[in-house]
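In what follows, chain A forms one complex with chain B and a second complex with chain C.
Now for the complex of A and B:
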């Protein structure tokens, strides 16, 4: 029984680690031709080359970091405060239904619908435009996430702080936010990841001028550039791995 | 009179919760309001605390009309049935919460909180988190947190409702003692007859949103609506 469990664990671990190792190998392989089991030579040249000035991969990575961080920083606090107001409304179910609307369409179709307004606002092909477009998806996602968070007890805490002499800011910063730390962190991680992996919406609104890491990965695959495809894919999954580690270290231990 | 509630009414939709409620209370007295669940006790307290707006009526404290004063400026603390200790703060910080909101100096906070902890017989528990405390200890911390800011009025909404009989009795004694020490003026609502009699200096009975105030304890005991006579008869005939 114990051996089977251990075997399954190794199998699971292997299925997770193997693709990573394989991609790392692809990124380092100078030439790897069939039927060779291993590459004939390994080189760090590709990795070194991405640090050269104006490298597309670094630009994509920087853009992705800026967009994902901005989207998370803007969407999470806004959705946190607004969802609280929604939860206090009598027609909250109708408002919540509105938050689900962006998810009834594919992001690309959604982007096509909104494109006119982005062109009108001169936002097409700009970083701000892409951030705004992603907010339209990430913000309602956070509204839905936070709506389950607001309950009678949190309202009682707010009332209590008010009668103890606390103003709205003090209520938020001394009680509501500390009590919501876990869900805020989850919301931030999720928002970052949604934005980080977003492709269709970004490509449509970015009209090829805003190059993110996800767009680069597709581009390298299209160009059949094995080394850069593997390297960019590895970089693409670094944040989720980091967030998974943080999640295990902080959130899991709080439960 | 220290506190005067004049003709307060409140409805939620078509449901009338409070009907022309009036009461008066002297400083340092406790008014016990007895009433069944759903009779409007909590709504009355929330209106006095400023957490709900009345449809009609006035709330006057020290001859000042406070209808339009927001809850945080009223200096009236509401104690819930649940102790509602802040789970991210230890006992010391929970009690010190109101003082910190008012930006008191650290040495003053340390001294005042230590005195309060002593008064509440919570010595040795200062650094404990709320989940490490018993029900009675939690409610003591909730009292300390409320009393330490010296509110004009304390509103207690069945504060011992979740405690076992023995702890409840201990807390009732402790509360009376603390009220005396700190000269607290309070409104104590409960559905427990014995508790209402024990805690109050003045007495009221609430039913279907109507509040009846009694002149003295005997009037409260002798009125059939309060159920005291039924209770006495029950024990006599046992």
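Now for the complex of A and C:
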């Protein structure tokens, strides 16, 4: 019984790792025609070529990094402060519903409805436009995330600081933020990941001119370029894997 | 909340105006024509019901698989090196997950090659259609792998936070069998606590775009794919109809969320 359980766990974990190895194989395979189970030759040429100047993948990687970092830096502090105000309101359930709406609507449908305003403002097809569009999704996500963070204990600490003569700034920087380190880190990671993974909204608002990594993967798949699709997919999942590893290693073991 | 509501309302106002012919490139003044076309065609209904049905199947399978994994492997999800591996599927963006599924299950994909090697199939044509197929196998398997991993981690967290091991010990001390503990104690508590997350995950899956785009068929299509295709087609007459569909979809999601908020099922109070 114990051996079967261990065997099943091994199979399960193997199935998690397998897609990564399979993608690495696809990225390195020079010729892999049916019915070959293994590629007939492997080459690092494609990987080396992406480091050449002006390569589309590097441009995509840079754009994705800029967008994801900007979105997290802008969304998290704003949502942190505003969610605290919402948590103190009588009608917080209805306000929370407002936060759920943009996040739960399909990003593609939402982008389609908003596209007109981005065209009007000359923002579609620009990096700033894509950042703004993603903020509309990532900001409410953070509101939802922080809502469960504000509890009576935290409010009591704030009241205590006020009673002892501390001002609002001191309450935030000396008490609330240090006590919220874990949730803030999670919020930054999650916001980065949502932005990093984003495809539908970026495709609509970026109109193909803002080349993020997800857009590049889609284009390579459309061109039936399996090798570059696999390589760009691998580049796309490396930062999330690293962040999830940090998330698990540091944050969950901190408290 | 203006920051979240204003863009949504602005988007909806434009969508409503466009659907009534009051704005847009081809607008000729107020008309009910687009809405008549919308209600006259069953395209939205079929697509919505198809998306809902597939989402239901995905969520049911994922929850069952995740319950089995989290109950049997709680420690492996929580601690040790295996805990890191459980996070790998969550690091896969939908577009990459769709690409991997396609490369594995398409008629010339890896599994077809393995079937050919073992003489199970004689050519790519004799391998069953598992991508862009009538049963939506490709869409379901891709979503299930990601969703069941997410739910496994979520359920394992609840298992730990709700001290279910201690509760199970108490139940056993009172004479309950292992199967009774699982059915009457562990599963009901996990499902009750995880209900908001399961519902929200279902709503996200309902609106998913990348996986059905890569692995779905031409018809029926997921609702997001139908709406996006109508917006991106060269036929501009389709745009107001796409807005009608976007409004209908938004209204349906708002009704579901409103109902859940009224019932206070979307989040737990934190004290």
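One rule holds for everything that comes next: the second predicted complex is superposed on the first by the 251 of 255 C-alpha atoms of A that agree within 3 Å, B and C clash if a C-alpha of one lies under 4 Å from a C-alpha of the other, contacts with A are read in each partner's own complex, and residues count from 1 in each chain.
Here, a contact is a pair of C-beta atoms (placed from the backbone, for glycine too) under 8 Å apart; a residue touches a chain by one contact, two chains touch by 3 or more.
Quick caveat: nothing in here was measured; it's all calculated off a predicted structure.
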Q | Partner with the higher number of touched chain A residues, chain C or chain B | A | C
Q: Mind working out whether A:16 is in touch with chain B, chain C, both or neither, as first, second, both or neither?
A: second
Q.
For A:147 in the superposed arrangement: first (chain B), second (chain C), both or neither?
A. second
Q: Jot down the residues of chain A that show up as touching in both complexes, chain B in one and chain C in the other.
A: none
Q.
With touch defined as at the start, can you tell me which chain A residues reach chain B in the complex?
A. 153, 156-157, 159-167, 170, 174-175, 178-179, 181
Q) Which residues, counting only chain A, touch chain C once they are in their complex? A) 5, 8-9, 12-13, 15-17, 19-20, 22-23, 26, 34-37, 78, 82, 86, 93-102, 104-110, 112-117, 136, 139-140, 143-144, 147-152, 196-197, 199-200, 204, 214, 217-218, 221, 226, 229-230, 233, 236-237, 240-241, 244-245, 247-248
**Q.** chain A-touching residues of chain C, taken from the complex the two chains share
**A.** 1, 3-5, 7-8, 10-12, 14-15, 18, 23, 69, 72-73, 76, 82-97, 99-100, 102-104, 108, 110, 112-114, 116-117, 124, 145, 149, 200, 203-204, 206-210, 214, 223-224, 227-228, 231, 242-243, 246, 249-250, 253-254, 257-258, 261, 264, 266-268, 270-271
Q | For the chain B and chain A complex, residues of the former touching the latter | A | 46, 49-51, 70-78, 80, 82, 84, 86-88, 97-98, 101-102, 145-146, 149, 155
